[in-house]
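Shared chain: chain A. Partners: chain B in the first complex, chain C in the second.
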Partner chain A sequence: MVSTFIQLLLSGAIAGSVYALLAIGLVLIHNGTGVVNFGFGDQLMVGVYILVFAQQFLGLALPPAILVAVIVSGLLGLAIQSLVMTPLRNRPVLIPIVATIAIGAALREGVRAFMGPNPWPVPFLLSTSPYRIGGISIVPSDLAILGTAIVIMACLYVFFEFTRYGQAILAACANPTGALIVGIPAGTTTTGIWVLSSMLAAIAGIVIAPLTTLTPDIGLIAIKGFAAAVLGGFASLPGAVVGGILLGIIEALAGYYISSAMKDIVSYAILIGVIVLLPSGLFNRVSVRKV
Partner chain B sequence: MVTRREILKVAGGAMVLVATKSAYAADATGVTDDKIKLGILGDLTGHAAHWGTGNLAGGTLAFEEINAAGGINGRKLEWISVDSESSAPKGIAGFKRLVDQEKVFAIFGPTSSAVGVPLLKTMSSSSVPIFIPTFSSPLITNPPVKNIFRSGTLNDADQGRIIADYVAGISKKHSIAIMRQSDEYGKNGATNVSNRLKEIGNVKISEEQFNASDTDFTSQLLRIRESDADIMVVYGYPAPSAIVMRQAKQLGLPVQIVGSTATASRTYAATVGKEAVGTRSMTTTRYLPEGDSPEIVKFRKAFEARFPELARQTRPEATDQLAYHGAKTLIEGLRRAGRDLNREGLIKALEGLKDFETGIAEPTTFGPDRREGNRSGFVLEIKEDLSRTVLPKAYSAI
Partner chain C sequence: MWGNLAWVLWLAIAALAPFLAGQYLLYNIGIVATTAAIVSGLTFLSGVAGLISIAQSAFVAIGSYGAVLLQMHLGIPLLIGIPVAAAIAGVVGWLLGFLCLRLDGHYLALVTLAFMGIVHYTIINLDITGGAVGLAVPSVTLFGFTLDSPMAIYVMAVTASAITLWSIDRLIHSRYGRMLRALRQSDIAAVSLGADRRSLRTMALATSAVAGGFAGGFQALQLTYLDPQQFTIVTAVFYIAIMVVGGMRSVHGAIIGAAIFVFVPGFLSGLEHYMAFILFFFVTVMIVVMPDGLVSIFSVGDRLSGWMASRHGRKNA
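Presenting the complex of A and B:
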């Protein structure tokens, strides 16, 4: 049935935009610092808990609570960069990657100890009442996720492609010494990336958490973000978005037309196929280093 | 008709009980003239911390209360808590620490199937009485093990049976869909429901599965819509179950939703939102922690005063309630065992409990070959204002 197919495409795209938001954050950190941030999902989780804390215990209305959550998350990114990543900057890349895992676990258990293990309700930004058009349910709160993913991707794309600061960040990541010679301070740009990605994590969490339910383990969905990022090439912001949405749609179609038990098997088989046939992902250019 | 397998199962259980009897006689490890030392084992961190923190809080509250009331037969309770970190190896290490180093008399916990089931062999080969108030794997009590008792909670086998009896009774189309999590929890639960429905007969069963970390369930829900079911049983953890219930309403599925006990928490309706209205869940007891019976009100006030940091998290929850009920039941066993306390005496005293009431959860009955204290359940429904009400009928798995 056509309406069923369209419903699956729409729902898959919504789920995929959750993955896309996660993938964007991962790609941003990777592009800007060279580190794969395995604690990104937990930074996202912390951002939403700050929102809940601001609302429930400080009595703030939703807009200022969001502002507080985003600012405090930015400060968290600053702290991670200053206290952990800077001291590790000259160590092999595996060390800071392992550090991100440790930071994630510490954030997760810290929040569990302070806010408890139970789910907390998070307010939806838009209505959850569906509009039914031709047998298709369209939920405004779900569309907010898709919209947020696209807007963030567009802003970051413009930032990195068309601004001097964005170009400076990419240059500092690609060649810190060369960037320093031409006057780009690598430390400042790296700090900027950590602050920015942490703020993005909070924004992503605030739109995702009402849908997915907020618990200290919400960050575990970042694994799908990794899959989306890999599909998109891990260095490409548009690739992250398209990879995420594609993954969501594949899951939805496989779950319906094959079986729900086979959903992940089919999705990840396609992912492996892409990695084998296109090692740089769907959107990433093969990088060539001249020596 | 009693099958050969059932006879062998009971005989096997009896052999376990008899074979280990000698290890308990006059064993009063952890008991002094003025103290009884207990261990509390539970997941205080990790994904199962919800149950472990409840175990610790409920146990602590009951133990402090009995100490304030003068103790048990002239002795005060002393306890040490160990975190099993939602990990089976940590649970085994924690259990051994309590038994070998801390020399406790009895253990309250563990608190999750993921830790308790791998611990079963270690627990059953020890002589330490173990009292479990929370988790639901039927393997813990069937076949019965001499030193392991469980109260309050409804095991997954009994829960599956009760859910099946309930939904078969309300399904007009005799078509029931089971939406279950893909792990052992969902698989075992769904199998129990499905097997009982097959016993009942004349019911069409369809089954779909999901991962605990999934965020979209449209494909499964659309398949269920096509199955023409009028009941959908959701067997999964609270977070994915909440999304399933919300999306089912948003897609306009014409089904009555019935969730497992995992969806019977106080904050669940608020987590789902207005789409939770009319959904139902299994619950292990007629008493809700937010209820107004005198015993519950007293418990809630005492809990909130003792644990303000947990009260801030909308607790007490069912897990706190079951732990408090379990601790009071264990205390009753210790009281009945008398001043001349030893492990054999405690086990005999617990075996003698019949319909023991605390007013906090369902009455507890043990026996020489019965270690499952509660075998009944109820159905709760979410009302228009997102408050909860327990439907009056009790369902028994016996």
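Presenting the complex of A and C:
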């Protein structure tokens, strides 16, 4: 019993670490530009397809293929930001949101047309044969997911806390006008945010895709990122990390103890429940915006 | 001026189609009408109230499944069941708005996205809705006659769509529509003049849900089968795209957008695989270069005459 529970916590935390990456990508763009990126899941999908394309059609080995996928995803983010989001930056927030929805749908349908609607195999990062340690089975490929997520988060922590550029992005997120006044170029930080967030989408996709099936609709997994971000209050990066891991664990527990169909519906329910009951997330004090 | 002219044109097309169009074209014109009516709900919500919903397909599902289930299990005739199911969709929309519209607009997009997912999962997992297999839509019977000919379905669907579109058009130009527009343009000014932001926005979501449920119920008659795959986040996004392409400020935009999405794939049949991609790519380009939609091409005339009138006035003064 106890080992089942620990096993569930572990697998929940592993999935949750990927949700945390998704949530970080979403929160970054939201904080930096005031827009929720509804095309994020489709950017993730494109990242994984680039990996598959680089491997199967260009004949690259896994590590360079991953590098190509992450870099091209970053360039895609750059293109979206400079061609669509920048021209729309002064329009009512409805317009850029609809733009992200449309870009996401265009990416999804473009990939469906180009690569076909059928699933593609995605390589695991490490072996999938489990080791047993004291009644708990540990799968190297799962540990690779957790390890990747932890390394990425550590890199982001160093980037935001200890580099000039990271500090500039945080400042622009916290107070755009203030950042402009002290001389932080808004255009550069916005570009940085979009590139970084798009690369995160690709990385999250590459680690999670082997566990599910890669079809053009894999982008729906972004809903977990939304739920994780909302749990964390949609404002802070640490909140996004905790929200992601919490969501992964809740999902694993609900899937086992209630029913496996619950697993899919949990993130939808959390999304609605948290927004309605705790609009500023689990960790922030409620601050009602006055008119 | 253009608005009235457009109404005359739409009504003429709808009235002449049964005499001039073949069966296939007639069916498609009917689909354009119901799709436009579904989208007009979104036009009201986004174009007038400035909110975004990714759940229009969910309200369409409530309208169509609701009407069919009311007929199958309670024996309520479809022509009564559809308005009842549309009212249920409205209540659900109102509740959703009541729960989350005290917050920023972003949150409505997220909540409706989640709501859409829940409705889709519910349809697939319940026995009463036929699960993943779906449900056949029974025929309408009226005074002992079975109305299942393509012509009868066309007449019912187009009439219902015309009622929906005309009602939304009137609402846009009503006091209620003007208050919502004022809220969208400057909520501080509108609230200080006594507009109740939360209840107005909640009513806007309920209105769009009723339009979706009502027109969706009649679209179910045209499609004759309810397949759960028609009611997903993907189809909800299609409705948003239709609204954007036509233009989100008037119901004419919804009609133009729906016509493009129904007819253009037929013209470009050699590009079938790339059709959806081309349409969404076009939508993205439209948002950047022509954010008021295709309908804004026509308002160039209005702007020109307004400009000439103002010049003329200045000369006289």
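Convention: the second predicted complex is superposed on the first by the 254 of 291 C-alpha atoms of A that agree within 3 Å, B and C clash if a C-alpha of one lies under 4 Å from a C-alpha of the other, contacts with A are read in each partner's own complex, and residues count from 1 in each chain.
Throughout what follows, a residue touches a chain if its C-beta (ideal position, glycine included) is under 8 Å from a C-beta of that chain, and two chains touch if they have at least 3 such contacts.
Note that this is a predicted model, so its numbers are computed, not measured.
**Q** Quick check for you: in the superposed arrangement, does A:L271 touch first (chain B), second (chain C), both or neither?
**A** A:L271: touches chain C, not chain B.
**Q** Is A:K263 touching anything from chain B or chain C once the two structures are fitted on A? First, second, both or neither.
**A** In the superposition, A:K263 contacts chain B only.
**Q** Per the contact definition in the header, classify A:A113: touching chain B only (first), chain C only (second), both, or neither.
**A** Both: A:A113 reaches chain B and chain C.
**Q** Looking at the overlay, does A:P121 come into contact with chain B only (first), chain C only (second), both, or neither?
**A** Only chain B is touched by A:P121; chain C is not.
**Q** Determine, under the contact definition given at the top, whether A:V139 touches first (chain B), second (chain C), both, or neither.
**A** first
**Q** Should A:F226 be classified as contacting the first partner (chain B), the second (chain C), both, or neither?
**A** Touch partner of A:F226: chain C, not chain B.
**Q** I'd like to know which partner A:A99 touches here: chain B for first, chain C for second, both or neither.
**A** Only chain C; A:A99 stays clear of chain B.
**Q** After superposition on the shared chain, which partner residues are touched by A:F40: those of chain B (first), chain C (second), both, or neither?
**A** neither
**Q** Counting contacts the way the document defines them, which residues of chain A are shared by the two interfaces, the one with chain B and the one with chain C?
**A** 109, 112-113, 217, 220, 223, 261, 264
**Q** Mind pulling up the chain C residues that touch chain A in the complex?
**A** 46, 50-52, 54, 99-100, 103-107, 109-111, 113-115, 117-118, 121, 125, 184, 187-188, 191, 197, 233-234, 237-238, 240-241, 244, 273-274, 276-277, 279-281, 283-284, 287-288, 291
**Q** For chain A, which residues count as touching chain B in their complex?
**A** It comes out as residues 4, 7-8, 11-12, 14-15, 18, 57, 109, 112-113, 115-121, 124, 128, 130, 132, 137, 139, 208, 211-213, 215, 217-218, 220-221, 223-224, 248, 251-256, 260-261, 263-264.
**Q** Which residues of chain A touch chain C in the complex?
**A** Against chain C, the touching part of chain A is residues 30, 36, 38, 83-84, 87-88, 91-95, 97-99, 101-106, 109-110, 112-113, 217, 220, 223, 226-227, 230, 261, 264-265, 267-269, 271-272, 275-276, 279, 289, 291.
**Q** Give the list of chain B residues in touch with chain A in this complex.
**A** Interface residues on the chain B side: 45-47, 49-50, 53, 182, 208-211, 213, 215-216, 218-220, 222-223, 238-240, 242-243, 246, 250-252, 265, 267-268, 270-271, 273-275, 310, 312-315, 317.
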